[in-house]
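Across the two complexes that follow, chain A remains constant while its partner is chain B and subsequently chain C.
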Partner chain A sequence: MLPGFLAVGVIATLVLIVGPAIYAVSLSFYDAPSLTSEPVWVGFAKYGELLVSAEFWNALRNGFVYAGLAIFLQVVLGIGFALLLNQRFFGRTLLRGLAFLPYLLPTVIAVLTFKWMVDGSLGIVTITMADLGLPPIYWFETETASMISVIMISVWLWTPFVTTTFLAGLQTVPQQLYEAARVDGAGPVRRFFHVTLPSLRPILTVIILLRSVWMFNKFDVIWLTTQGGPLGATEHLPILSYRKAFALYDIGSGAAVATLSFLVLMVAVTLYFLLFPMEKAK
Partner chain B sequence: MTKWTSNNGVITRRQTLLGASALGAGLALSGLGAPALRAQNRPIRFLNCETGKDSLAFFAKAAQEYQEKTGTEVIVDSVPLAETFTKITNAIRAGQPYDVANVGFIGHVLLLAEQDQIVPLNELTDEYEWGNNILFPIDDKVYWYPFDYNLALVYYRKDLYEEHGLEIPNTWDAFAGNCEALMEGRRKGCLFPIGSNSATNWMSFGFMWAEGVKLFDDQWNVLLDNEEMKPKAAAYLDFMAKLYPMMPPGALQASYGEMLTNLVAGAVAHGSYAGRVYEVAERENPEMAANFGVMPYMDSAGEQKAVSHGYDGWVVLKTDNTGPAMEFMRWLTTERMVEFLHTAPVHFQPARLDIYENEEWQANPLVQKYGEAIEVTRGLITDPSVVLTSIDTQGPEPDVRPGTVFEAFTLPEMLQNKILRGMDSGEAVDLAAQTMRQLID
Partner chain C sequence: MSGTKIAGRAGVYIAAVVLAVYSAFPIYWMIASSLRPTQEMLMNPTLIPTKITFDYYYSLLAQTDYPRQFLNSLIVALATVALTMVLSVMIAYGVTRQRIRGKQMIIGGMLYAYMFPPLLLAIPLYAMFTRIGLNDTLLSLVISHLTITMPLGVWFLWGFFKTMPFELEEAAMVDGCTRLGAFLRVVLPLSVPGLVTVAIFAFLLSWTDYTFALVMIGSDANKTVPLGLASMVGAFDLRWGDVMAGSTLIALPLFAAFVMLSRYFVQGLTAGAVKG
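And now, the complex of A and B:
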């Protein structure tokens, strides 16, 4: 028999996570134009419609592009900033605090601030560029620019998390390893690739995994900036799911997109664990 | 024996216990009776979507007044308009339906009516005269109480027109010419949203309606790409592509906030919105407020005018509290209607025609100050020659199909295909028509 506290946890998990998840998956087998209408069983029809639709594959591709590029940049910049902040210099503590600041901002505030800063008529960035004689940047006006813009915002917002985590990791690397490498004649680059990076590998593995899951499911930045546009250029699976369920009120399709998104993520995470097993990372 | 005394003399403990028993029995009986009493006075749950400061204050005050008058509590929840339908349907699903709700999209009203969740409001609407194309009756039953139009109008700068000797344009070419003439420094000629959002659906297709484009025939077949409509829709796209270089960067992202700010700050010479521009300008930039004039959208040949719907109204849900909810609605729409409309006096363009003659409504300082613009908008909802429509109200009768096209942003994407991808106008129209067919199939 389960101890009382464990039973509470199991019940809470069943009620708050497993139950809604099963309900959401079950909705994907029904056709319903709203939450109040009588749902009609359609089996796998919604999945069939999605898998032959261009918008699903477009959203899947966009999700990989958005998550992949954002994570790559967050990790590269995060390690770079962590290495920088790990050096001894005057004002290091202050700079570390400031570097973490974007992560503390509510996403909605950060995104809306960015949007108004680059507003085409009144944004401070636009006006400053015009004053300097530079042409305006059409941040969200083309398909490529929109994707770059949402990636930029995501990198700005979440690189501090990666930086902080790596910074913590760097402080656990034994200094003797660096001293030994120096004695053996290793320069900074070799020390980074042969001492620092292998020491950070467990953290790197976890960070990439966490950030992949978070970025693939990230909804707020894209919704607050482009809502998936223009012409679906930044629409990924969470946005597609939301649009289907709560804009077009095709609840079944929305649930089917969410279920497929979950499956894609499951496959990706499993592959990741196969390629980079945690034991090996240790 | 322990004794207690009162002003009247000595009370024994037995008497005290008897008294307490009687009091307890009385309380218990009153408790038994309470559910019946509560049933009579069940609170009315009202979902409001007018989230302006003054509108919120009005509903708080109205709820208090109604409770004082009738003893019935009114609980007002407020959410942004975009979240209304989800909130309404979630509440129904959760077994806690709202009794009255504010809905800003006729497709949602129709869905709720189809699902037998709302009741006809003819007993409230039949006694009044209404502006054109606002009641959307189904088999003569009116399922909502529209309180305003919020027509999307074209705003222009009267001061700049005077300074440059410009006249109100009647054709697309004249309009584009005026936009070009008023570009100066950072000020752009115009702003019409082109993103996939409701602002574009509302504010950017008036030119297309004026040109006579219709989306559906009487049998709900898509007309957009037929011989008659396609050249008109393509011409509209060419016209918008001509305007695009005269817009500030960001037209793709422009929604309501950006449009208001650009107009009120004087960053554009023309733009689109409802009466809220005057109210925001009055508050933020009073000098600018006096400079704005309004006009309807025009066609290419100077023959036809159009405006886009942006209506709002209330529905009464079918609950065990529908009767009291109807009574509350009767009180709200007769006793407090003008007071409510005064919470955004120029923006809430009355749908009920008698309001325009109401002395109390006319006495509002902003209504008086912007009387000229209000007269223009009043003419637009009563003049049968003016095309008064929107994507979601297209078709032979009220129906959810055009609503689906609206929500899928099919026409904004047609605009984007032309403007951002440089697609041939005819091809963009064909693609939009094809998408529409898939959506309503």
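And now, the complex of A and C:
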């Protein structure tokens, strides 16, 4: 029975993941204007074109800006929310539930609700800002505002992941450590930096790693919000890859962008492991 | 109570209110907008709808493809959950109990599968489906969702089965069970919390997916709700009431499930390997 189980597993993994990944990399060496036409071997030509193009470097830079800022805000806010939700107060259980809700929403809904709230004439944010005498913000029309918009939506959606994971971690920190720190005269700030953070370092290392990988690969928020615009201001590697493969019908280039973005991520993750070695799981 | 203590308590409650508004207001506004009469929406809207109407729900269900898309989403998500469960249980159990070389590679490979950009899998899968004529089918969507949910399931259940003592199955086998019998009667029932967690996250991933659906599905008849809602905004003049009604309908089952199963959600999150 066990060998049978494993055989099914290995076959499923090969068919679903390993095979397609290898196929994707091999597609990046071909020129194929459609999926039915005969592909032509072009070697590293697609990579060469990409590496000298401004759009590739623009997408790479945007990807780092988007992922970097979104992760930073998620982690800082997430830890802050977790510390708050760890206090005793009336309605804490309800608030823990509310704070988790955004995480359950499909990206599409978060984006549509955001678009509705900032709608040019009827959106609640637009109306409120006008009532307060503030100048209107063109959320998707200017380069900075559109980057801020996609980051805001991403932070709202995925901060609950950090909050909940960190909150669960907080409950594992031995209370005696806090008592000891208190006896030694440490205030709340010092207790946080000298007890909480060191105790939760392994959890934090994993949270940041997972969130970085996901944010770097995240396609749907930006596609649904700005499609990479205006003028490429929010175009990152996943958008570039999709645009090449499915809008410009250059499958080879699309696959090459996806392969390059995987390589960038591998290098980043390897560096991360060198800087913050994973402690052995308990 | 001292002055600083009272100030501290007040600070906690102010922060709690800020967090509640930040997290819940957009969701509240989505639901409120779906229930508000049109003329109220076009004027300065009040915070609470003055009159409740189900018009948008009616027009959404009666005049658009939404019911069909909802059914498509449900079929895809349930099929994804079922296949994920079977495959990941088999692999995870096999890996923890069989002595073979290279099993670290299988588990390690599952972790690396997380780092694949979705498009690194979507492009070749789409190409393969086109060649074998499976493109633009619900099945193609189920297969592509499995590329994310299966590694997740294996990774999670591997940790779960690993901690389960061998002696339990051995005792059952001494009592005359076959290995399959011991597995079905002893191991699986004890794994229910782990199985529920994997099922929830597989459902969540499949139910909320937009990226794979965008690549795989072309025809209106096979669209899932996320794809259908997104194209609704692009297509006509903006019918925000309908869009918010559709959004509410797809979000509410998730909230209900969360209330019932919140224990498992937290367990799954802290296991560290879930939805991106």
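In the analysis below, the second predicted complex is superposed on the first by the 277 of 282 C-alpha atoms of A that agree within 3 Å, B and C clash if a C-alpha of one lies under 4 Å from a C-alpha of the other, contacts with A are read in each partner's own complex, and residues count from 1 in each chain.
Keep in mind that, in the parts below, contacts are C-beta pairs under 8 Å (C-beta built on N, C-alpha and C of every residue); 3 or more make two chains touch, one makes a residue touch a chain.
As the structure is a prediction and not an experimental result, all values here were calculated from the model.
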item	value
Clash-or-fit label for the pair chain B, chain C on chain A	clash
Partner chain(s) touched by A:Ala255 [first = chain B, second = chain C, both, neither]	second
First (chain B), second (chain C), both or neither touched by A:Lys115	both
First (chain B), second (chain C), both or neither touched by A:Lys46	neither
Contacts of A:His236 with chain B and chain C, given as first, second, both or neither	neither
Which of chain B and chain C A:Asn217 touches, first, second, both or neither	second
Touching partner for A:Phe246 - first (chain B), second (chain C), both, neither	both
Chain A residues touched by each partner, larger count belonging to chain B or chain C	C
Contacts of A:Leu98 with chain B and chain C, given as first, second, both or neither	second
First (chain B), second (chain C), both or neither touched by A:Phe161	second
Superposition clash, chain C versus chain B, among 131-139, 149-157, 185-193 or 257-265	131-139
Intersection of the chain A residues that touch chain B with those that touch chain C	35-36, 115, 119, 122, 127, 246
In the complex with chain B, residue positions of chain A that touch it	33-37, 115, 118-123, 126-127, 130, 136-143, 225-231, 246-249
Interfacial residue positions of chain C with respect to chain A in the complex	9, 12-13, 15-16, 19-20, 22-24, 26-27, 29-30, 33, 41-42, 44-45, 87, 90-91, 93-95, 97-98, 100, 106, 109-110, 113-121, 123-128, 130-131, 143, 146-147, 150-151, 154, 179-180, 183, 204, 207-211, 214-215, 225-227, 229-230, 233, 238, 240, 243-244, 247, 250-251, 254-255, 258-259, 262, 265-266, 269-270, 272-276
Of all residues in chain B, those that touch chain A in their complex	85-86, 89-90, 92-93, 111-112, 115, 117, 186, 188, 191, 195-197, 248-253, 258, 261-262, 265, 267-268, 400, 404, 407-408, 413, 416-417, 420-421
Complex contacts: residues of chain A adjacent to chain C	1-3, 5-6, 8-10, 12-13, 16-21, 23-24, 27, 35-36, 81, 84-85, 87, 89, 91-92, 95, 97-110, 112-117, 119, 122, 124, 127, 156, 160-161, 164-165, 168-169, 206-207, 210, 213-214, 216-220, 223-224, 237-238, 241-242, 245-246, 251, 254-255, 257-259, 261-262, 265-266, 269
